[in-house]
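Some structures to go through are shown next.
Paired with chain B in one complex and with chain C in the other, chain A is shared by the two complexes that follow.
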Partner chain A sequence: MVRILKKEKQKTGKESFRNQMKQHGNLFIFYIPAVVFSILFAYIPMAGLIMAFKENPNLLGSSSAIQGILDAKWVGLDNFIKIFSKQEVLNALRNTLIISTLKIVIVFPIPIALAILINEMRGKAIRKSLEVSMYIPYFLSWATIGGIFIALLNKDTGLVNNMLAYFGHDRVGFTTSNDTFRSVIVSTTAWKDIGWSTITYMAAITALDRNQIEAAKIDGASKWQQIRYVTLPGIMPVIAVMLILRIGYMMDAGFEQVFVFYSPYIQASGDILGTYTYRLVREAALIPQYALSTAVGFFNSVVALILVVGGNFISKKFFNRGIW
Partner chain B sequence: MMNKKIKKIASMLLVGAMVVSMAACGKKNDGNENGNQGNNEGNNQTESTGTPAPDKEETPKSLADYPKVDSFNYYNLAAGITDEEFNALELAKLVEEQTGYKVTYTQSPADPTDMQTAITNIFMLKQDYQAVKVSKDQFYTLLAMDALKPITKYVEGSTNLKEQISEFGWGTATKDGEIYAIPQKNAFPSTDVGICYRKDWLEEYNAANESAQIPVPSEENGFSMSLSDFKAMLTYFSTKVPEGGYAMAIDTNGVYIENILPAFGIYQEWADIDGKLTYVVNQPGFADYAAYMEDLYDSGLILYQATADDAGAVKSLQSRTVGAGRIAHWNAFAIETTNAPEGTDLSTYTDNSIGYISALAPDDCKGDKDKVRIFAREGYAYYTVVPNFATEEQAAALVDFADKKLEKDFFLKLVLGTEGETYSVEDGQYYPVLPAFNDKQGFSDKFIDGTREDDYAAYWLCRTRKTAAQDKMFSQSNYNIGATGIQSPISVMPPNEAYDTYYNAANIEVKNAIVISMYQKNVPFDLAAVQAKFDEFEGQAITESVNSWYGSWEMKDQFNPVKAR
Partner chain C sequence: MIKNKVKAKLTKEERIKNHIRRAMFLCLMISLGILFAQFIDKRFSDSVKRGMDIAFVILWAAMTIEGVIRILRISKKSGFREYLKFDKAEFLYLIGSAVIVPASLFVPSFLGFRFICILKLPNVLRRYNDENVFQIIAKGIAVLLILFFIVPFLNVFANALSAPGQVINVVPKNIDLFAIKYVLADKAFLRSFGNSIFITLVGTLISVVSMAMAAYPLSKPHMPLRKTMMMFFMIVMLFSGGIAPNILLMNSLGLMDTIWALILPSVVMVYYLMLLKGFYESIPAELEESAKLDGANNFSILFKIIIPIASPMIATVSFFTAISYWNNINNSILYVTNNKSIYPVPMYIKNFLGQNPMEVAMNNPTLLTYWDGIKMSYILMSIVPIAIAYPFIFKYLKNDVSAGAVKG
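Entry: the complex of A and B
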């Protein structure tokens, strides 16, 4: 009877910790570095969040940084009020959400489509070379990519504008116009990242049961029907997980990237929370504004948490699949 | 039940790890706290008396009487070479021989924001440095945060430092009666920047337009040019530059061009207007300046460097794709030698097709060299400080180290080297012997902590004569600066909380707002909006705070011997 109950427990996945240790003890060793890493670099630093609710701490003159934080006076929500009373912050928040949404809506589906298309290609050599050439940009830094695109898109001397001028079109300041800046950000993200993301989906497609596709073929399914009814549903769990993770980064619209292309001209459309905080903390203040920047970071994290939990909930509801 | 157990164990692990980490941090702090205790005690003594401690009235002890360490670590400015190379320099050995201290130098990153981060980390993490060279702004930030150790008694016990650095200089390093740094004065009032232009094109224009001559900037007109002539010159340049080129290049955030502003009666970013220090956008001539610059831009004469990846003034002048641009004197060599014939000795080479304008002048002052006004800067640029977590023995050693370097003969040797070998003297002026001066004395400015202020003015000129191109640019843009240079009182203002906290942020946002309207076609310049932006970023609080100091500053009438035009 006891044995049956134990088996039942095992089936439902509710094993005792002791049993888990007995059966998979050696696997837990691999788990330790991740746990230690999370504790040291994710959980302990969270204690610093109290700075968001204190006046700017004196980290330089105190006997220790921790003492500096503890000595600072509590100011409640003053830092948040200070931040959100500035038009620049609201503009940066709006731009962050818009740019992130554009990246998700436009860039996110492209690697899925590409993975499916490449998977359907016959020539192995072309397929391989295509894969390699697609993911090489991922390894370039944004500083390098910025240099390339700024030169290509330069209003007076860039190749793109020279071509536009050749065909009688007016020259366009792609990186300095509020009308076109977000397009530059989204398209350069696509250029850099889609190759790498494609690999994930290609791996998911490779892991699919080939018998299902063969069966569909025998049943007379066209290519499009095979993709629609076999391949796509098969990789849907991976898509769901990737989408939820991507949504988690919604408040990070890509600081490095925007910073490279940033100029005051596009402040209205391109100043994101990352660039604003950079100005606030690193460039602007002789006395570093730790309290204000922590408040911005805390706000970011709370919104990101809500988005991830929300995304997971929706994913579970519609795809029956979540990350926890 | 078991789940609860797992949670319990996980919580205990988490708490355990936090305790271990805190304990680890705590242990490090214990040492620091001990180090600071002495410092705090020192501060308390001063506070308890309210005025300088009574023992100050006694004859100060000689610096030699204080116990000192014989080695320490020094965080220095970037010199563009590795730390190993820097520590192996002959100059480092020379300093060690003279002072007897074994000093290990580490250089800060060259990028200003990275340097700021590095300095912050030193003080936040109590890194193992006992001397740190910082800018004036950084010094005042550290001072406001009580991060520095007072060195008053050691300075009072010194011989050279006390005598060679002026009382005014020590005043800029003093707070509540205590000295917190060794101030390093710039050699003399001067400007680093001038407008580099294509002199050959200007001469070509004059040859083709006999009835509308533009006087070439020269000693006769104080290397100035009138506003109308400057626009006419740029208009002609725009016909000469290659396709895609512009008449003039302006660097990122270059909205307050120091060499153009004086033509509109603006002589510094903060200037005395009717007895009150006033920020540049609130000064009377700014609307006219903005209109002039906007007109140049809208006429297609200005290339504004929107991002760091776009070409700025130096790069554009080097590639000869623009006709003019504001540059610093250390950029002149690269620009002038670009087209030098192969095999030429570049250190003595100058390009006759390049000239420099010190400042623009209003049309009604055209050609009058007495009416030229230039932004000048003297002040104290760098401060050598001791972190509050250093020991008294380390602080005494740093002051002694700096004091010994200011010994008259040694200071000359440190800055200029040996007469006949690295420098020569002609008519009382110091000239470098090239290339020996560059090879041996190139980094000498990185070994200075405070200067023999009177001597250094003459020595320093030798450094601007390291190449003929730099000498040409510096002497033309600084021509007659003793009679034309106006300085900003802000450059000698003591720590000011509102200014130190808010000004940089306000200045960045205001400059951004100006760029958007000044360097963009079809966007009219809105001065009221720009002024409102300054106010939005605590502009009024900054102005009030700055003036609360300026109003009671005893030297305000003597500070600028050259008056506004």
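Entry: the complex of A and C
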């Protein structure tokens, strides 16, 4: 009893902090590696965001990058005004949003349907072969997937165009035409991610109460009714949480993926914020535009942060689940 | 799942009826497919269009005849009104399509109206046992999906193994191993495998050890400054400095163009850190208390008690960390400018695919004819390690990850 009271006392008040420090202080050692890496590769770049409010640093003329950044003149919000008056940035922003939206609207529902389908399907062989084949793409790198699909969609020799030609259709340059580029991005996303995302929903369905479905069956519910009124409502919380979190990552339209498929032909429909900031630094005509690139990145990060935190807040408030 | 193995014996008439139903279902599906193809894209050549039209009309005629026969039979049995009560959709469809389909042969703009045959769908479906319809549709979709996932791989395989200068889809023709041999003899490619293995092993080791350590104090409820440290790591996950500051940082650390630039930036993966923390929290505190009484210090508690208990979760985290290191091209895109000797496999492939064939084949013109095959052989070789590991991955996925995925 006394001990419990003591613990209660320790939990509150200033003295208890010192006590806790004494008790657990040496555990701080365990933080060291992770904290060092976080500061070095996450927090120091965040400090570099001050570049967004300065002139482009003159790196060649100064002794070090830090000196160059510190020496650059403050320009306030000029960089932001500059980027938002640029057609290219607006185009990249629009593409980012469009591609993300397409991915959510088209790709997001498929794993749900697929999970229900696999769960209800009879025939072990076909179920197993579907499961085996659908997880593979997730474990490939975007570089490999890019190579596979660029060849598959090639205008002259690709399988898809061969089929189109066989049916008397014109050949289409899928990866080099502004009309089709976004659908390539969406369908490759589907190819890579569908199988993987299905796992979550399958687990959610397995966790459902089997008795409810049996009861519905006995009441004479048809297959569609069972799915519509029992299974779907059962996994609805999981779906809602996944959807909210997915919307939180809206600002990330998939840098690696778009980078792999990118070519100057499709700039109008495929240039996203990620590839744009990359080109500002790496492929700018004269000098790397660090300040502008940082400003775009800063905008992107802030919006992404708001979306993720907001999404998590909503999903915690209404569904009691979140990423933290 | 319980299987319905008991089959009632069917009379000959019923069996015929079943066949007709199946045939109707097939007709309907094919004609909808044709319509869909015609509708989403009007760039087919004229002869193909004509062929599609004819096929559609034949299918339509078959369905119509079956429908009319049914009307006659049912109205003879129980009156026309009874039929109309249950099959309004089909009747509507019959009347409507009798006008629209012949008209659409001559008036192209009527094409869209042919979608009226969707009205037939609920009717045909209702005539089946519910479960059977679902199974038919489910299996059809499953087969299509399997093709969707597998055909790209078959295409890579076929292209890598075939002699150049022919149309190759999914089956290799005139097997020619030149391209594969060329790729296997490419020393730089083999070195990129070495790089990838090094990056994956060292990266996973550093990453998992530092995360397994940091998760321990985070999981202690009475740890001082716990909230602050959580915040510290959450910010790492939620906010980033963007591309430019990271590149400048790598420059000033002197890590640019070194293999460490491909390992160190992604050491702390906060999501997995939180998974580990959650798992540690579920370990009963009594275990530690008793170890403490025995005089164990923090290090031996963590490494001898906590980590062995948490080994399933640590294995899962290591697995995903390793996968993300193996597949990462982000770091090599950003932090490698001209030192190609440190490229990991994915970046090597990305770089090779972007090359101009004319330059590579300068002193070896045969390469030019084999160019497509060589590209595909590189891709094939990059898939091989994953393919070898896949049976284990799959088994592992089925057992552990699917169970752990929901909890996290």
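Here is the rule we go by: the second predicted complex is superposed on the first by the 223 of 324 C-alpha atoms of A that agree within 3 Å, B and C clash if a C-alpha of one lies under 4 Å from a C-alpha of the other, contacts with A are read in each partner's own complex, and residues count from 1 in each chain.
Going forward, a residue touches a chain if its C-beta (ideal position, glycine included) is under 8 Å from a C-beta of that chain, and two chains touch if they have at least 3 such contacts.
This structure is a prediction, so every number in the text was calculated from the model and none was measured.
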First (chain B), second (chain C), both or neither touched by A:Glu88: first
Which superposed partner A:Arg122 touches (first chain B, second chain C, both, neither): second
First, second, both or neither for A:Pro264, with chain B first and chain C second: first
Partner chain(s) touched by A:Val230 [first = chain B, second = chain C, both, neither]: neither
Partner chain in contact with A:Leu153 - chain B first, chain C second, else both or neither: neither
Comparing the two partners chain B and chain C, which touches a greater set of residues in chain A: C
First, second, both or neither for A:Ile239, with chain B first and chain C second: neither
Touched partner set for A:Leu60, first chain B, second chain C, both or neither: first
First, second, both or neither for A:Ile44, with chain B first and chain C second: both
First (chain B), second (chain C), both or neither touched by A:Ala253: neither
Interface residues of chain A shared between complexes with chain B and chain C: 17, 35, 40, 43-44, 47, 59, 64-66, 146-147, 150-151, 157, 260, 280, 288
Of chain A, residues touching chain C in the complex: 10-11, 17, 20-21, 23-35, 37-38, 40-49, 51, 59, 64-66, 69, 114, 117-118, 120-123, 126-127, 129-137, 139-144, 146-152, 157, 159, 162-163, 167-170, 191, 195, 199-200, 202-204, 207, 222-224, 238, 255-256, 259-260, 274, 277-278, 280-281, 288, 290, 293-294, 296-298, 300-301, 304-305, 308-309, 323-324
Residues of chain A that touch chain B when the two form their complex: 14, 16-18, 35-36, 39-40, 43-44, 47, 58-61, 63-67, 86-88, 146-147, 150-151, 154, 156-157, 175-176, 260-265, 267, 279-280, 282-288
Chain C - residues contacting chain A, complex: 1, 3, 37, 41, 43-45, 47-49, 130-131, 133-135, 138-139, 141-143, 145-146, 148-153, 155-156, 159, 167-170, 206, 209-211, 213-214, 216-217, 220, 222-224, 229-230, 232-236, 238-249, 251-253, 264-265, 267-268, 271, 273-274, 298, 302, 323, 326-330, 333-334, 345-347, 349-350, 353, 372, 375-376, 378-379, 382-383, 386-387, 390, 393-394, 397, 401-403, 405-406
Residues of chain B touching chain A in the complex: 2-3, 5-6, 9, 13-14, 17-18, 21-22, 25, 28-29, 32-33, 36, 113, 116-117, 120, 123-126, 137-138, 140-142, 144-147, 244, 246, 252, 303, 306-310, 388-389, 500-501, 503-505, 508-509, 511-513, 515-516, 520, 536
